[in-house]
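Across the two complexes that follow, chain A remains constant while its partner is chain B and subsequently chain C.
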Partner chain A sequence: MGEFLQIKTAQQALKNQEYTQAAVDLLFQLADDDFILAYRGSEWLGLAPHIEEDVAFSSMSQDMMGHAVMYYEMLEQLGAGKADDLAQLRESGAFRNAILVERKNGLGGYNEDPHYDWAYAIVRSYVYGLYKKVRLEALLKSSYTPLVLGSRKILTEHRYHLMHWQVWLKQLANSTPEARGRLEAAIAKVWQDAGELSDLGPNADSIVRFGLIADEATLRQEWLATTQDLFQKAGLEWPGEPGAAPERGRAGVHTADLAQALATLSEVYRIDPAASW
Partner chain B sequence: MNGMSNQTNAENNNFSVYEVFSQKTVSASFVHQFSLLAPNAEVALSMARENFLRREPCFNLWVVKRDDILGLAPEERPFLERLDNKSYRETRGYGDLQGRWRHHKEEFEAKHNTGSGS
Partner chain C sequence: MAQEKTDLQEQQEATCWELLQEVKDPEIPAISMVEMGMIHKVRVEAGVAHVEVLPTFVGCPALEIMKKNITEKLVEGEGIDEVQVRFVYDPQWTSDRIAAEARDKLRSFGIAPPPIDFKAGDAWEVTCPYCNSPYTQIDNLFGPAACRSILYCRHCKNPFEALKPIY
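Up next is the complex of A and B:
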């Protein structure tokens, strides 16, 4: 991607409307993926299988929320609006996260008899995490310098997250038949949505043409090759090409799960958006 | 909450206590930090940082199953007591070595008149 003109600052990007639009479109995907999955992660508080994991999982969700903040701040600098407002005040249709990350954690609700699926939490986090790593590494060569710098920072923290989820996957894969069965069911469920992760949205051509990130096929190929290799090492059967939900989160078409998540997470903020925190 | 009972069950089954040691820098000694419950060492290691080292720099980590550590029972701890009458085991005895050396050197020089004046 060396042939692209490097855009060093938001001010420089704003001189080209088409470039700014492409950067904004990509940034919403990056920000919303991390933000919504971090929110789902926060809903495990007090519910993870044991207390040490509860602390670790919550801490990693906070890290991921921090990654989303970095992207929302980049969006703010590109004139998309205030970072807090972008996270809290947009309606479901304005979100660009993949459907995979918005799915509820399982049956019930956080306040109403939660019967959450831990295997699903691990597989979703891990499979998303593997794609996130490929995406972050591709962003190290982005034409937009703030994205390069931000991705480098996020990668340092993401390494630990991936290791953590990988340990869990290995545990569940080599544990009791019940754990193994739940893990396989979770993989099947994640596989129905995971294919959308490498979707760069309706403006993909422009995003790639400006050198903001590698194209979908490259990202997908690298992600699936890595994932297949790691599944094999964990003794898991490869489920083949992942599918995608009938909705398309990257185009702003979401399930009711996202609307529920947004209503809950922004409830306090919407009471008084002008309040100082 | 439903999850709480799950947490208790998990801990009662086949979890063990792991002691966690951390090293702040490449040249620092490992320091005991805390203990946690985990089903095996790998899981203990994967949870150690997020549980207790979220705000501190950390270069390396060790986890050790507490059962694998042999220590002294309270009734055995008196074994460690000893009399404080063995100054010869300490390097204190060499403390005045420089003074003595100087003394003998001056004595020699005075005797053979090899001082600075010659």
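Up next is the complex of A and C:
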């Protein structure tokens, strides 16, 4: 990747409009993926299978929310707007997260008779986590230094998340037929959307050309190879190439689930965006 | 580029480091942020103290409190009119940055310190901070704070916490 000029600061990036645009486009994907999945994780609070899991899941969601904040702050430095506003005031069409992370946790709602799907939570978090790891490792070679440093730090936390979900996956894969059946159904559901994770969006060429991250094919291949290996070790059948939803979150086309999530999470902030917290 | 520091600057920076010894990690009041290895740099210029802090965890909710505590403490220093706290990720904070003396203080606070020079693939073996037994088990990788896990000592039958190895 030696041919890329290393951009050390936001000020330096801002001198090149095209570079800034590519960095902004990528950062929205990184920020929105972590932010929305952290929000879905937070909706499990009090509903996880046991109290230790409640502690673990909320801790991981808090970590991920922190990762999103770091990316939103990088966006703020690149002139995209105030970090809090980026998280709370954008409409669904401005979000660039993959459809996978915005899906509801299951039937019902948090306040109305939640019948959430624990197997889906495990598989979604784990499969996303495996992609996140590959993406963070690719970002260690990014041409944008703030992303290199941020990713290095996030990786130190992320390894614990992966360990956690891996334990669940292995245990349920080797548990009762009911557990196994639920896990397989969850894998099938996640597989309908997961293929979009490695999509770098409409501006992918520019993102890759500026050396911000490796290309889609490289990311995808590495992620799927790792995932296949780990599924095999857990004794799970490999579901093959993952598909993608008909909407395309990376292009700002989302399901109604995202609008619902945004309405809930930003309800208080929207009452008075100038309030100090 | 390198500028000579004046005696006054040297003196003010030394005072800042001393004052920072009194700023505790809000979630572990037994040890200071200096002992946690979280203070990277202190520079005083024209009455403004610039402090670079290395977060232990990116999303640690205590960061804003730390920022406030550092600011309130340093303005006590003579000639310090303003404090600028900045969180930086270069170098990155690792659990090896925790000072040797602080490790004993952590133990006396009921928190097992992280292993030194931990590498990927190493087994994380934790001795009980109360009875020193290695006969412990991890109950939850995640605990009441992002940086801590929950363990149980099967020897003295006490639950305790341990700082995660961050490397």
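The definition used in the following text is that the second predicted complex is superposed on the first by the 277 of 277 C-alpha atoms of A that agree within 3 Å, B and C clash if a C-alpha of one lies under 4 Å from a C-alpha of the other, contacts with A are read in each partner's own complex, and residues count from 1 in each chain.
We take it that a residue touches a chain if its C-beta (ideal position, glycine included) is under 8 Å from a C-beta of that chain, and two chains touch if they have at least 3 such contacts.
Computed from a predicted structure; not experimentally measured.
On the shared subunit chain A, the superposed partners chain B and chain C overlap sterically.
In the superposed pair of complexes, A:Glu157 makes contact with chain C only, with no contact to chain B. Contact with neither chain B nor chain C is seen for A:Ala22 once the two complexes are overlaid on the shared chain.
Of the two partner chains placed around the shared chain by superposition, chain B is the only one that A:Gln171 touches, whereas chain C remains out of contact.
Once the two complexes are laid over each other on the shared chain, residue contacts for A:Pro49 go to chain B alone; chain C is not touched.
Of the two partner chains placed by superposition, only chain C is touched by A:Leu149; chain B is not. Legend: residue contacts after superposition of the two complexes on their common chain; A:Leu100 is shown touching neither chain B nor chain C.
Touch criterion not met for A:Leu139: it reaches neither chain B nor chain C. Once the two complexes are overlaid on the shared chain, A:Pro114 sits against chain B while remaining clear of chain C. When the two structures are aligned on the shared chain, A:Val69 is found in touch with chain C, with no touch to chain B. Across the superposed pair, chain B and chain C both touch chain A at residues 52, 55-56, 59-60, 160, 163-164. The residues of chain A lying in touch with chain B in their complex are 46-56, 59-60, 113-116, 160, 163-164, 167-168, 170-171. Remark: chain A residues 52, 55-56, 59-60, 62-67, 69-70, 149-150, 152-154, 156-157, 159-160, 163-164 touch chain C in the complex.
Across the complex, chain A is touched by residues 55, 57-61, 89-90, 92-94, 120, 139-144, 146, 150, 164, 166-167 of chain C.
Chain B contributes residues 1-4, 6-7, 10-11, 15, 36-40, 42-43, 45-47, 49-51, 54 to its touches with chain A in the complex.
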